[in-house]
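In this document, chain identifiers A, B, C and D correspond to the written order of the chains, with residue numbering beginning at 1 in each.
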Amino acid sequence: MDTGRLEAFSDGVLAIIITIMVLELKVPHGADFPALWSLLPVFLSYVLSFVYLGIYWNNHHHMLQVASRVSGSILWANLHLLFWLSLVPIVTGWMGENNFAPAPTALYGVVLLIAAIAYWILQRAIIAEEEGESSLLAAAVGSDLKGKLSPVLYAVAIPSAFVHEGISGGLYVLVALIWLIPDRRIERALAKQRGHGNE
Amino acid sequence: MDTGRLEAFSDGVLAIIITIMVLELKVPHGADFPALWSLLPVFLSYVLSFVYLGIYWNNHHHMLQVASRVSGSILWANLHLLFWLSLVPIVTGWMGENNFAPAPTALYGVVLLIAAIAYWILQRAIIAEEEGESSLLAAAVGSDLKGKLSPVLYAVAIPSAFVHEGISGGLYVLVALIWLIPDRRIERALAKQRGHGNE
Amino acid sequence: MDTGRLEAFSDGVLAIIITIMVLELKVPHGADFPALWSLLPVFLSYVLSFVYLGIYWNNHHHMLQVASRVSGSILWANLHLLFWLSLVPIVTGWMGENNFAPAPTALYGVVLLIAAIAYWILQRAIIAEEEGESSLLAAAVGSDLKGKLSPVLYAVAIPSAFVHEGISGGLYVLVALIWLIPDRRIERALAKQRGHGNE
Amino acid sequence: MDTGRLEAFSDGVLAIIITIMVLELKVPHGADFPALWSLLPVFLSYVLSFVYLGIYWNNHHHMLQVASRVSGSILWANLHLLFWLSLVPIVTGWMGENNFAPAPTALYGVVLLIAAIAYWILQRAIIAEEEGESSLLAAAVGSDLKGKLSPVLYAVAIPSAFVHEGISGGLYVLVALIWLIPDRRIERALAKQRGHGNE
């Protein structure tokens, strides 16, 4: 199996997840701005999750560009990641509708943490299918500071929700900002390889 | 018609089915963990159906790789399969929301059983379009132990729901586990053919 | 613009329409078979609409295979068709939930009728973009018995709903059956052209 | 990264947005035509938004045809545009359900205005990635009358909603009509380039 259909299917699922999330933004009952104002926490949590899913889509695309074949373990590691990402809309809605109450805010971090682990598992599956540690992706991710920092920050954010939800919220925004800087490592490694090929 | 657009359409429908299923996971009303806990049966049935649809997507992809043309009968056999799979979200929601009560648990098995039959019909349609029984797919599926065992297990699970829903649930998990092992038969047959071509 | 992205977008919209229709099948409140039984009219109307959308997807695909370029008028004629098809889920739900009452059953026919006209407009736009009446598609559709018969049957079915809804329902099923036979005219014309090319 | 996957993902999101919007058209409770009649404002706002999203899909497609590479800034400018377009269904529903009341009608214009700005940002990002102001797209958009007129008309329409909602509604329809004429500028520039290439 080549990566084309896997990418297309993942894109489809991610596009649907990112879009059905907007269904949590229920049409307000009143026709005035106060009615709209009450949507603000749901809207803010929607913005945050939209950015997260955009980051996942972007990084997922970069990572799969390096993969040349799709084994059974890659396929299931990918579905496993999509499963946890598919829970983002519901935890987003729960967090927003309850105005960032402790339990929903903590759960949001739990889903992000497991999704990060699922992403890491997928990365290992692709590296294992390629030439092992010497593969292009392994070289590209290198020490992988971002990938190691994010779960740590999530793990701090989860219990922090019970101290003050602002800490967790701030940490979620921080991780998003760290990742918003696109992952140039893989791009650079690919560019270098092409450079070597041209020599 | 080539298989490209059929695959793309099927992928689209499967991606949507797998994702709208998460809409059955309604945002809980309370903001604490007991409110979340009440979602557990719906969550478990969601996990089970996600795995089943992942299996169908995976096997569907492998099967269509063998098909070279799409006849009218393949097209409608494929839509017929997608129809039954499109009922998975509602029976999943019904089973989960009623905490695996007998009738919903039995109905879940009925839909799985008919979907399995629909898959078998699609397989026959593809084999018929190719060179008949001597085709690559026919050779690959061979005695097709899994394909014959699953409907039998579903047929046992359906009445068992009225004895104890645990029996049915266990059988559904068992069939999923049997299929989680990816279908290497077709991969092997394809690899063998390529091997012959290279000789 | 080539037809690829138009086809992909149309497939996406059709896949979503066909799948969100299942959301009208609301999870029943009771956990027994009588609760399920009350879903029967909604289920039957879902089956009918699924078949109709399958027919549209199939014929749409055949028709676009003949088109070589996409002009602005083709693009908007296509969106116009998709608009009316996007109304199929709501009229399906309305008809099913009201147990095939006269007004919803008539409206269902109205949407089918306008969709058929929209399809015909799209067909004319493609023929106009190609070599006019002498084009492959014009030759393929020829006298177009099915295409002329369907609107007539819809036009009969709409007022009949106020006499007896069974007449309308029967006519909708009849039109679906007429179209279920795949449109071999275009396939034949394409095959003939390829035959001429090889001579 | 080439533009293929970006286009496919954007198409997917746009197809889903355009289709879930129909979910705001709730199945009416009565089974007669007065019940249907109450849906009219929601239906009219649905038609308007369907046309707007069709225009965005069309123009988006034309614009991306000119782009040859996808940088990080293009990718995020594109996601930014999709974010604002994803809010179209909810503001459509809010406007329709409240029968074009001032606040929802104004908000509809706000979302259209920001989406127009997001589209302009994406256009600048593509031009910057290509050869700067001398690029094909820069030449094609030229003075960009439509692109400059639309935000002005939205900016007039937003406060007008509090004077009379008919003014805003009329302006929204006017902008849609202006854009319905497909963007032939880019098509012409592309055709000219091909012409030069052939000389």
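The criterion applied here is as follows: contacts are C-beta pairs under 8 Å (C-beta built on N, C-alpha and C of every residue); 3 or more make two chains touch, one makes a residue touch a chain.
Quick caveat, the model's predicted, so the values are computed rather than measured.
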item	value
Superposition of chain A upon chain D: rotation angle, C-alpha, nearest 5 degrees	90
Same or different contact residues where chain C meets its copy chain B, judged by the half mark	different
Chain C and chain D, separation of their C-alpha mean positions in angstrom	27
Rounded Å distance between chain A and chain C, as computed from the means of their C-alpha atoms	38
Residue numbers of chain C (touch at least two other chains)	8, 12, 16, 20, 23
Contact graph of the chains (line, ring, star, complete, other)	ring
All chain pairs that touch each other	A-B, A-D, B-C, C-D
Residues of chain D defined as touching chain C within the complex	7-8, 11-12, 14-16, 18-20, 22-23, 25, 27-28, 31-33, 36, 47, 50, 54, 57-58, 61-62, 65, 180, 182, 184
Residue numbers on chain D that touch chain A, as the complex places them	1, 5, 8-9, 12-13, 16-17, 20, 23-24, 72, 75-76, 79, 82-83, 86-87, 89-90, 93-94, 97-98, 101-104, 107
